[in-house]
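Letters are used for the chains, namely A, B, C, D and E, taken in the order the chains are written, and counting of residues starts over at 1 for each.
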């Protein structure tokens, strides 16, 4: 493999990895606080993309307004989903909540199919954000740089929020112990809503970034990134925000490099992601940065 | 006690006889459309109750059913297709010589489909069942996808994405409902045996179950493999019903449909799953109405809305889990005891008046 | 006399923290032994090691002169050690009788196929187990609620059911984890009688964790006191009651003026 | 108490639903015969099963547009009104089989059209064969679809032909000596077409002519690794047949990565969705059934004009044209048979020769497959532009 | 200050509190002793509405707070040091203390109080940046008390503060309780360690299976034979 090609692969890995990471952070935050695989998270990507799509093409908003509105509406939607579909099940068995999440995801997809139609639509990339960069034999989009930067900035923001602010401390406290947190006058529901707010906002940004990178929106577009990013979050150690980042990058790099070095196995790429997931679950259930917990008898 | 037992026995026989009469009548008199829907219901009954065994009775949140179905469908198809068909169908790369000449009758192939699926269930279960709850869910979902991807890529065995065609067609309701009824009976026997109670004990409280001398791992594995066995059989029947298979049939979204059946019917109720499997399969067709263009007295024309059926099902799933978590039957079973008691109490009330 | 159970200097660690260290416990046939100590002293951890939930990091456990260290819980139950739990762990979806019937599963001789095909062998076995369980329930005066859901029983009966369920596994050694927790003195007295009764009737050896001193002092022949995972003292109830170290660490004669 | 009440309501609702079905069931069996005769007098029924939702939705919807257009233009045959029954098969096989069964059993259609997606067609085929109702496929190009099925016909050419056409074009017109293949391993269409292309290309350019063959899966969005691998092998052309969903992104990505060699594909590319993705690029070629620039027949012109009228803001596409053709072929067969009897229609269809369709002159061979001219188009100036025609040998 | 009237709680089918009456006067230590599972913890949890009471009333400063949200109740100045300490093991000591002051917004006051707590518990000062899960049992108990103090409560309820602590530490804990009380805090204390609790308490209640069976001034209760018999196993 020549140097150029290798560098090209590295650039590809970074883009894919940071997209995975961006979405995985949302998964990990929600899982961290209420131990739920939020299947609907992936569909928020789709919602955000469609809102941005309609904002730009139908309401002819400038792209930045469309993006901001998309993120805001997605956030509201994420918080509402929590209120309607997860909060009533707070004391229910985890399986019930998980089924509820599957139900929400199912509903969002099918409502989108009925309302918007099943046919994919091209996502308008703002020219100000997307252009081609050529460096010798390597060629890539500005997004290759933009996406990691956005991911990194958001990661730092979220880290700051969770580590340094009062709300962040409350989130971590709630994730450990609802009851004791409420004894500290913490409104647990509000904290959980806030977590969903941040998670959904990240899904919104993630959805827009995803749609710029792969400029096509359709009702089922969340399905695959959803599963992949959840895998990334588990790999990194679910509940850990830097873990999600690492997991996203590890998965992105693995996926690119397996095709690069073993092109004959490229058909097995998706299986490979699951294989990593299962291996991690079996040998290091807490993930790369996660903690291992033992059930008390 | 004995009296009641006898009554129940007679009632059971009567119901079976009634079903037989219906099948006998239906095979000749129903249009092939209704037969197909009823046969498909039978397949979903098998899928529903076998998933319920794993999910509802043993409490393992496994989402791998579509993978085992996939194995069953392929095993049955490859075993029953005629060598001539195989030669034509595998036009990209020829089939592995060992498989090329095989042509089994249908029933052994169905059994074999179950056995191979169970074997895979066993192998998948060994690592996966060390996990719990949503981790188990995501791992089994992963395994199902891995199975599907392997099937897609092993072209000399499965013909890859091109899928298989010219699988012998089976239309008789006897086969589908016969197997479905046998499955119901077997699972009912299992559930009511001390193994079944052990599964429920594991679901209720793993730690206590272990302390009662139940080997968690082997019992979970047993339940999981039985589930896979019947999923494999259902896959085989699916192949015979449609007569062609390809890997995209068995995406994990298919498992969600079975999940819908199990949740609506009630996790932990076999009869619940049976009723909801039949009801959902039928509703799936009945609800086509909502996707057709609607015409209000020729005044207002509403264009058809493809996808509306699934919206209704998604809403149904959500409403059930939010407001009616037990599903249709909860963990109860629809049985004679219940009805006989009802009649008894009714009679008593009548007598006392 | 041969010991029924010996924990040969066992220790347990959790993430570097010593929960139990160097515990040497010997239990002789037909004894009722008390295991007391402050919460977090490692009593339940000892139970968990004996029943195979945890494997001790050091030391061996012998039961009936078999080394059972590291065996899985179900195997240990099969060998004849049964237990109850600190917080009641009944099978919520089942009736009282079904809860007890579960315990017979490990004594089964027929296989799944025989069960599915309703073979005579299985049916006979099933009837036999049913009879045994009903007899047991009659002995412990729970027969009248046999068909009620286990969770619908009052607290005291749930506790008793848990013990009965353990008895149904036909154990030689019974481990009781705070059986009198949440009982009033009257109920505790009944429980004491009950435990003595089943000990005699079923030829049992009992090892129990208990906080109710009246229970412990009332029926235990010997008492082990655990503090910080260390065996502080062992002896007869009166010896323990007068042991200075024990009074200070556990029985609560703390001089708060100090 | 409340719980019990709720349970009763649910059970009652279910019973009602099921009995509705049962009534329809019993009623259908008896009344079916009556109404059949009654309606036979004034209505001819054509069933359509297409994927309107799911992964193949776009193809199905485009086809249905063509069928509906044809129905609007030619609403009658044999002096009777033609009624269309369109059902969704959700891009799922068991649904496809149900859909065909429904069309035959419940709606009692005389002839069926469908389906986009060969695997869906293969699920529906045996059902129609059993009921002896002829089916005309619009765009399932897998050779296995009509295999062993005397009642399945199609107006499109098949993959072996298409693959060979593209290989010849790559070698002849584009002067390619080496090629790379990027295929969707989960898709029969992609895998099949790739293998025919590979065979033909190797036959003309030698066994080492295929320098790379990489795979992806349906639903993938990221193809950078596959494309980088292809780029490192420096082929003269890339052949990447597959769904327009993935291929649009794939082709655009190739250009973004600086891969400037011609990229070739199959007929599925002729979709707005694909064009939208690659609109600013060039050297993108694909084979298709139909062209607007060079109408092959009189019918083509009619179709073009009417399509523009009916769907002014939509791009004319091959699937609509094929849908259009299946419909008029069905009508033509009925006219030739002089009857709407399914068996008669089948026999008439089997003898179709030099039928003037919008997509060209169609002759059905012994398998029921169309032998007809293939068209090659390319992307230029943000449009699909006619490049050349290739006649069947 | 706190008054409970005829409080009843059903707990998953179990009648855990069968109508109890308790009064906690200002600036006093009141203790509730009894066996495991007698309903002591449930009482505290019902006061905070973590377990909703099925009937009865809870008054705080004469105001009826029955059925208010836990957040509301704690904001009124009631705090609970839960059984088993329940510190946030994933947060640092500093953050745990900040959580205690969650409802407060006076930065200066919080800083001040934190310093006060560090003076009272120098061990916590040393471990300020450490993850709380790594503290020893005694230190965790100190942290739990410190965390509760951070909310500037008027009534502090403590659930088994000596639970699982070494004798020396138990002494220390009781010294601290006295100390806090000396500075004017009202305390409602639950203990298994009946003697020690009754010794420092102004008033005591004895609970048995959801009922209050005995009450009286602390020392008086401690001297009663039945208490000795039930909780010390001495005749």
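By our rule, contacts are C-beta pairs under 8 Å (C-beta built on N, C-alpha and C of every residue); 3 or more make two chains touch, one makes a residue touch a chain.
Computed from a prediction, not measured in an experiment: that's the story for all the values here.
In terms of the stated touch criterion, the partners common to chain D and chain E are A, listed by label. Path length between chain B and chain E in the chain contact graph, taken as the least number of steps between touching chains: 2. Chain centres were defined as the mean of their Cα atoms; on that basis the chain farthest from chain E turns out to be D. When each chain is reduced to the average of its Cα atoms, D sits farthest from chain C. With each centre defined as the average position of its C-alpha atoms, the distance from chain A to chain E rounds to 42 Å.
Inter-chain centre distance (chain B to chain D, centres taken as mean C-alpha positions): 32 Å. Note: centroid distance chain C to chain D, computed from Cα atoms, is 70 Å. Shared contact sites, meaning residues of chain C that touch two or more other chains, fall at 53, 85. Chain A has residues 113, 118, 223, 267, 270, 297 in contact with two or more other chains. Interface residues of chain E, counted against chain C in their complex, comprise 12-14, 35-38, 137, 160, 163-167, 170-171, 174-175, 178, 192-196, 199-200, 208-209, 229-234. Residues 55, 61, 127-128, 130-131, 133-135, 137-139, 141-143, 145-146, 149-150, 152-153, 207, 253, 256, 259, 263, 267, 305-308, 310-311, 313-315, 317-318, 321-322, 325 of chain B are the ones that touch chain A when the two sit in their complex. For chain C in complex with chain B, the touching residues are 51, 53, 72-75, 77-78, 82-83, 85, 89-94, 98, 101-106, 108, 112, 115-118, 122, 126, 129, 165-166, 169. Per the touch definition, chain A reaches chain B in the complex via residues 35-37, 85, 88-89, 92, 94-96, 98-100, 102-104, 106-107, 109-111, 113-114, 118, 223, 227, 230-231, 234, 267-268, 270-271, 274-275, 277-278, 281-282, 285, 297.
The touching residues of chain B, when paired with chain D in their complex, are 29-34, 36-37, 40, 85, 88-89, 91-92, 149, 152-153, 160-163, 165-166, 169, 171, 238, 241-249, 275, 278-279, 282-286, 288, 291, 304, 306-307, 310, 324, 326, 328-329.
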